[in-house]
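Order as written gives the chain letters A, B and C; numbering starts at 1 within each chain.
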């Protein structure tokens, strides 16, 4: 019997994304972590206690990016796992997937919802940090004009670029957590594994450096393979450079952004594949 | 009827996911490699052996994971609190720890060396009984010992920032201000001034030190060579001050009027002043 | 002339779950054959672990069959197209607590492709139909279990499906809510919908189902119409005013003279759930002591 097929629908995907976003921003966890991040950025006032001079701006930028990276990672992992498993545990996934809805629409809808939430988090944290830096830099320019002979020290455009790249990194992390959740049975397993993978992705460059020094060829091969299997999150670590006044090359920024987008597509696709094979 | 070997499904899924990730890693390497090379160049290697014991495993992983800047900041804040207690060994260890964590910011090197060279001799004098009680020779020894530590520390900084004029100037300052060694200081100011990013004052101080050493002819020759290179539009270059010193040296050296330095007409409005 | 397509057709369905890595399997459904005709209310009965929910999930494409063929209106169940005409209410659903009932139903309607001018009308209609108009703008998080079941039914019906699958729709719901759910199922039948319902509350199923299948350890034990399965065609019950001993003896003699035998004389009893429903008030239905059960039934049904 021939039946009209149900095509992949961006409208349904955006519905899932919108609902996921709404659910996430109404969660206490999001508000709590956002408050912590904002608190950490705002605590830059504390640096005035020390006479750091124009270097105070470096401290503000470092703490701002530290808050963004640390709380952003925690928020990404916890929110993705929580929003995925709440659908399973509340059986809303059953009601949704029992409708004419592709699993790919469900997974990418979840992804986009979380990605939007993280985007709001990044925008608020970076926005507050930039506002603080601008304000404090203005004050320091009056107090110590000799340090600012060539104008403002902070490249605000670069801060924004680094913020966007961090957001894309969290996008890759979201896709990774969705991939883990697609086969995992519990929220806890997903969160713990997500953190492990986050650490591995941050440290995989060490494995890449080390594989040539490993004596056992088999172990060397495994170490080398690890360098290919996990994305390199150190690639997104441009915040230190910007905090110290070094600029971000547009070519490098585009390469890193392309790397992130490609990984989001690949890992998201694998999450869909894995979720299609999941029996819920 | 179709048959699905259900037991094999998780293994098949796992294999496909692993292979997919591996293939993505291989395919994306050409995109990643140039960016990684560029970013890596801005991240000096961590000398873990010197940090592991001081920091513990957790912080070390944090450093490796990309939190170097913020960890260094936190340890710098801690250094300041130790410094407020005039704790010499504690401050000195903490200063070195900060730059071992993140050797990139100049701020840590400069301020760390100043604590060592300028503050610590005073702490030692206080501890030895105060300025009135401690003999001059002992004070001098404290200055020399702390200056030596500061200079070694700054020379370590130069390993991370080779030829950096700000760091060379800082070493010169220690020689000049703490050790009163004008000869070495003059050589270092000259070395710093030769760097394209050196501040203009490095060359002026070099010339002044030559004068203090009685090497006026050398100073005169240096300044005559320097003046044409100074941009008139940049107030920091102080071309008029340099010209003024040239004139002073011409007086001191009795340079005949015909042989006196003639700045280029467009070089500086100040050049017309006597 | 082609044969009419069944709403659900299950042929030789077996479902195994891998329990250990060494390949030990748990057989949840074993060689099941079922046909559910369009327009029927079909009960899938069985104790916990009998394979009811697994069967439903395979029908909905949430699980794949290990062996066998499952079709919904002729379309293989694993295809997304098969779910176009299916509404599903899972057991004890929670839904999105932060949405209002109306927002929730609207969300599911849009997922099902209901849009434009029909969206609002359809959402209002279905909310009214399940009797939640008064609470439609309250957050789902504040709903009672019975209300959750009704809003769950609303989301299952919002795209006007031909087949509605209800997994334990009365589990954890009080008798009032259960009776209301049964009433709604009857209304669905009147509208010509096919309803597949699982339950282990047999009395309720008996009241609403046309046909039932009983599963045990994944196997089909009994299948047939309710009347065929529980009706005793060779017996009749007479309910009369109390008889004296003399009248009873006379009646027995009268029956035996005509070749009949009086098998039992018992005190008739009301069913406890119906007694409960006749005594308690029902939300939103003033004086509701008599409301709830089908209009063709007397409130206190006497059974010998």
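Everything that follows uses one rule, which is that contacts are C-beta pairs under 8 Å (C-beta built on N, C-alpha and C of every residue); 3 or more make two chains touch, one makes a residue touch a chain.
Computed from a prediction, not measured in an experiment: that's the story for all the values here.
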Query raised in the report: Hey, which chain ends up farthest from chain C, C-alpha centres compared?
Result: B
Requested in this report: Based on C-beta pairs in contact, work out which chain pair has the most and send it over.
Outcome: A-B
Query raised in the report: Per-chain C-alpha centres versus the global one: which chain is nearest?
Result: A
Report task. Please report how many Å separate the Cα centroid of chain B from that of chain C, as a whole number. Result -> 80
Report summary line: Averaging C-alpha coordinates per chain, one finds the centres of chain A and chain B separated by a number of Å equal to 34
Report summary line: Averaging C-alpha coordinates per chain, one finds the centres of chain A and chain C separated by a number of Å equal to 46
Requested in this report: Enumerate the residues of chain B that touch no fewer than two other chains.
Outcome: 9-10
Requested in this report: Hunt down the residues of chain C that sit against at least two other chains at once, touch-wise.
Outcome: 17, 64
**Report entry** chain A, residues touching no fewer than two other chains
**Finding:** none
Report summary line: Per the touch rule, the chain B residues reaching chain A in their complex are 9-10, 12-14, 16-18, 20-22, 24-26, 28-29, 31-32, 34-36, 38-40, 42-43, 61, 64-70, 73, 77, 80, 102, 104-105, 107, 236
Requested in this report: Can you check the complex and tell me which residues of chain A touch chain C?
Outcome: 1, 3-6, 11-12, 15-16, 19, 22-23, 26, 89-92, 94-102, 279-280
Query raised in the report: Where on chain C does chain A make contact in their complex?
Result: 5, 17, 57, 60-64, 74-75, 79-84, 86, 88-96, 98-99, 107-108, 110-113, 152, 155-156, 159, 165
Query - Complex contact set, residues of chain A against chain B - result: 50, 52, 55, 58-59, 62-63, 65-66, 69-70, 149, 179, 183, 199, 202-203, 205-206, 225, 227-235, 237-241, 243-244, 246, 249, 252, 255-256, 258-259, 262-263, 266-267, 269-270, 273-274, 277
